[in-house]
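We just call them A, B, C and D in the order they show up, numbering each chain from 1.
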């Protein structure tokens, strides 16, 4: 048996608290990507941004849903970059609609894309490309309200032998990307299962990356299944353990989606005063996500709990 | 408990023999991508192409190694599209070098790329894009010998405010892509662990896809871990069970790389007559891969066997 | 079983399901589209596969899913794709036969608006926007639209804003379209159809008891009518039985 | 320990390892580069991470790997990336501090040839080609080249073919380069260095006992010499001990 060849002497420990991670990496005026497609939405991180009173953020999020509405109502957001602004299938985002429809209490800049437009912006960002081509937008009115979406001519003839045009989108390189995941090791090797969405690209596109996880696990857990790592440590700056941090969204295998909360949000957010009271009570009035969770109560957590459906292990093999 | 909602009445069974899969999907003159980056090389499929005497193929393969040299020596290949032509770290590909250096016994067309150039060709192919941009080739002589590599001007200003140019490559859409994998279900949901390479993109780029696997497994095995599926059934046309079908390459968790074979190939392939005798004995002289394996012997298989290193299972959860 | 008690949802789901004969891959959202596909799997298209916008392929849900990302769609599914793979390789890769879309407005060419009512920069109503609808429209071989309410506000002469354009608008933008765009609009009054580029939606069938004049009055443009106008066959007892007993026994979407 | 018995590989690995102080991510192939990085991990750069062209990050191999794709690099590693992620997000994404490259030929500007000796379309020797070398050159912050043999054929005045261009050639092609290109060439005679765009490789250090004239005679162009020429410090006993006892005890690459 040989001795290990490149066993590092140590691995950096990037674990920190949510308060410190947000304070260190989310600054006023920054562009912040919060991603997670219905699954693993970084809600707890959004709440901490509200608690710390960040201002003038540009928020990028494909599906701008409850946490986005809360950030807007919390006074944190100057501009939203998104491809879907709705409370999932459960109704409307009251604050977002008020800002856009009435400009009250203050206007919200909105940069509109399709889902694949956003995906391609992250792809270009992660790959440090000047643009990314896609077969959407031809004939749409969206480019007329979003001058960032442009057209170019391919240097190859099209199928009909004539020059071929295609739309492109510019890269999105957030100052910080925040994602939620099931687990990571201390160094930031981040593992996600179930819907993996755009998390890897949003992370690689960013200057700084905060990963919020249900569990910080031992190195050996991660290393037993390296294909499960969606974002490697070299792309991660801070690791925050925050159980139930995606509520009311779900974390596959950890807890289910809180459908009641989604349905309730349409009512809460419809009334601006009620919405501010909700923020005062649930976000500004709680010190951290642990207090939010305690307030939510064991009954809710019980209602959202899930049973077991374990993956069959695979053999990575070992040299004999 | 609700009844299952969308339980399909049946799933198509795409399993077949190697002979039938190659006969059905690999035709003379076709463009055939054989991918697998050192890991999971579709060697057995290449041998069956030689047995069936296919001619005038355009073979696309990032790392053109032993199986490519064998296909060329087998008289199957008119043109090679590749980014690395070498016998790994173990020496040269004798037949390939003879064809290119001396044109004997007949010339081989060669289309040269860098690895990322090939990757981007598959990405464009999978996404049905007219081109894919990349930050390679600037100043290289490769575009001067490969007119498929072109330049365009980004519609966005560069970091210095001036117009920015970037190279692009055209899509690669093989008539058929052949990959090797650890396992698939009958319908073609294909699971790979360890190095996953460019297999997903090469498959999605192709008109037809043959997946060769170490094991065809029960649907439930695949469905216990859907994130492990690298190529879904909708992109697969034929599933061939062929244990040890990647030899002399390795299959993570199944068998190790046959380093002796790699080192030996430089000697075999250096002498064209010896190479043809090898093909006569090991490929044309065997009815199928099972015979090849039997000839290889239990000792070799024993030498390449690996021990156990199981992934820790993850919980996908179940609604209660 | 009394077919007089057929609900609008049952009608729309049954009619839509029949259009899926011979199709392999369907891109569908939760609700009427999934009911239609689930029924088709039990009747005219046993092998048809739903691909969900969340990335799930080959779902085998234990419960009726509430969203396209419901955890019950993921557990026990055959594959889960990342967003770049789902949108890039599956949708833009041209792997979808039929995409189901909804919209606030559809015009005579099958162009869709899901962004705003009113002006884009000062809208009366801000709607959710494209999501993946633009990609479904641009890349599916054809698109089916199911509209619960057929009225001139939903089928106007002019869209307030075109979010997801059909192939005619793409052509005018100088870009060769790939799919046929909207080929079927299934509403509570009947079925509108078009084959592809250059064609307007025409009324091809009405539900029993619905007159052409009713449909034309409910449409915001001067609706063309097919020479051979059909009457939609109401849901059969077999279709209703499957919908009610197997597809949505708790009537979550069969409202 | 008698440093007189230092092999050329030990010398090159030790010298290269020292250049990695302060670096975080290194892209390296198997052989001398990995020996250098492994030694650096035990000495000047404990946190340095090797990213392999096969997609492996954070490898913890149980045995000395034979290739960049060796199964022992995968089992127990921290992450395995697909090729699009490795080349697109990590390399082109600008995440690599130092890339190690080899080549058949290198010129005074740090341009590399790994394609052919002779004419491309009728070569005397067909070499493997770029692999990922072009991408490593274009995207790493800087590139180190380790050459076992310093002679005029390997360091010619003119490359037979430029496979992997440095930033000066990129600029002449109208494209703004991203990295510095080759900044260090470590050979069996000494160290050549350049800082980036517009600079030629200059001789900055020779191994003990090697004269400037020897190096200039072994170089195919009129090699410039730094004003303050250093002598390379031979491998220390500590470095040799680690290389021989821990990094490559079976002397697989320390030949």
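Rule of thumb we're sticking to: a residue touches a chain if its C-beta (ideal position, glycine included) is under 8 Å from a C-beta of that chain, and two chains touch if they have at least 3 such contacts.
If you're wondering where the values come from, they're calculated on a predicted model, not measured in any experiment.
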| item | value |
| --- | --- |
| Labels of chains that are neighbours to chain B and to chain C | A |
| Shortest walk length in steps over touching chains, chain C through to chain D | 2 |
| Comparison of A-C and A-D (more C-beta pairs in contact) | A-C |
| Furthest chain, CA centroid comparison against chain D | C |
| Interchain centroid distance [CA atoms averaged], chain A/chain B, Å | 34 |
| Cα-centroid distance, chain A relative to chain D, in whole angstrom | 38 |
| Interchain centroid distance [CA atoms averaged], chain B/chain D, Å | 29 |
| Multi-chain contact residues (two or more partners), chain B | 123, 128-129, 134-135, 151, 158, 164, 166, 194, 196, 200-201, 224, 227, 252, 256, 306, 309, 316-319 |
| Junction residues of chain C, two or more chains touched | 56, 71, 74-76, 80, 88, 92, 178 |
| Topology of the chain contact graph, where touching chains are joined (line, ring, star, complete, other) | other |
| Pairs of chains, among all present, that meet the touch criterion | A-B, A-C, A-D, B-C, B-D |
| Chain B-touching residues of chain D, taken from the complex the two chains share | 30-31, 53-56, 66-71, 74-76, 80, 82-84, 87-88, 91-92, 111, 115, 120-135, 138-139, 161-166, 168-178 |
| Chain D residues touching chain A - in the complex, by the definition given at the top | 24-25, 34, 37-38, 41-42, 46-47, 49-51, 56-65, 71-72, 74-81, 85, 88-90, 92-95, 178, 246-250 |
| Residues on chain B engaged by chain C in the complex (per definition of touch) | 1-12, 123, 126-129, 185, 187, 189, 200-201, 204, 219, 222-224, 226-227, 229, 232-235, 316-319 |
| Interface residues, chain A side, partner chain C - complex | 37-39, 62-63, 82-86, 88-89, 96-97, 100-101, 112-117, 119, 123, 134-142, 145, 151, 158-160, 164-167, 194-198, 200-201, 250, 252, 256-257, 259, 306, 309 |
| Complex contact set, residues of chain A against chain B | 128-135, 150-156, 158, 164, 166, 168, 170, 182, 191, 193-194, 196, 221, 224-225, 227-228, 252-254, 256, 305-320 |
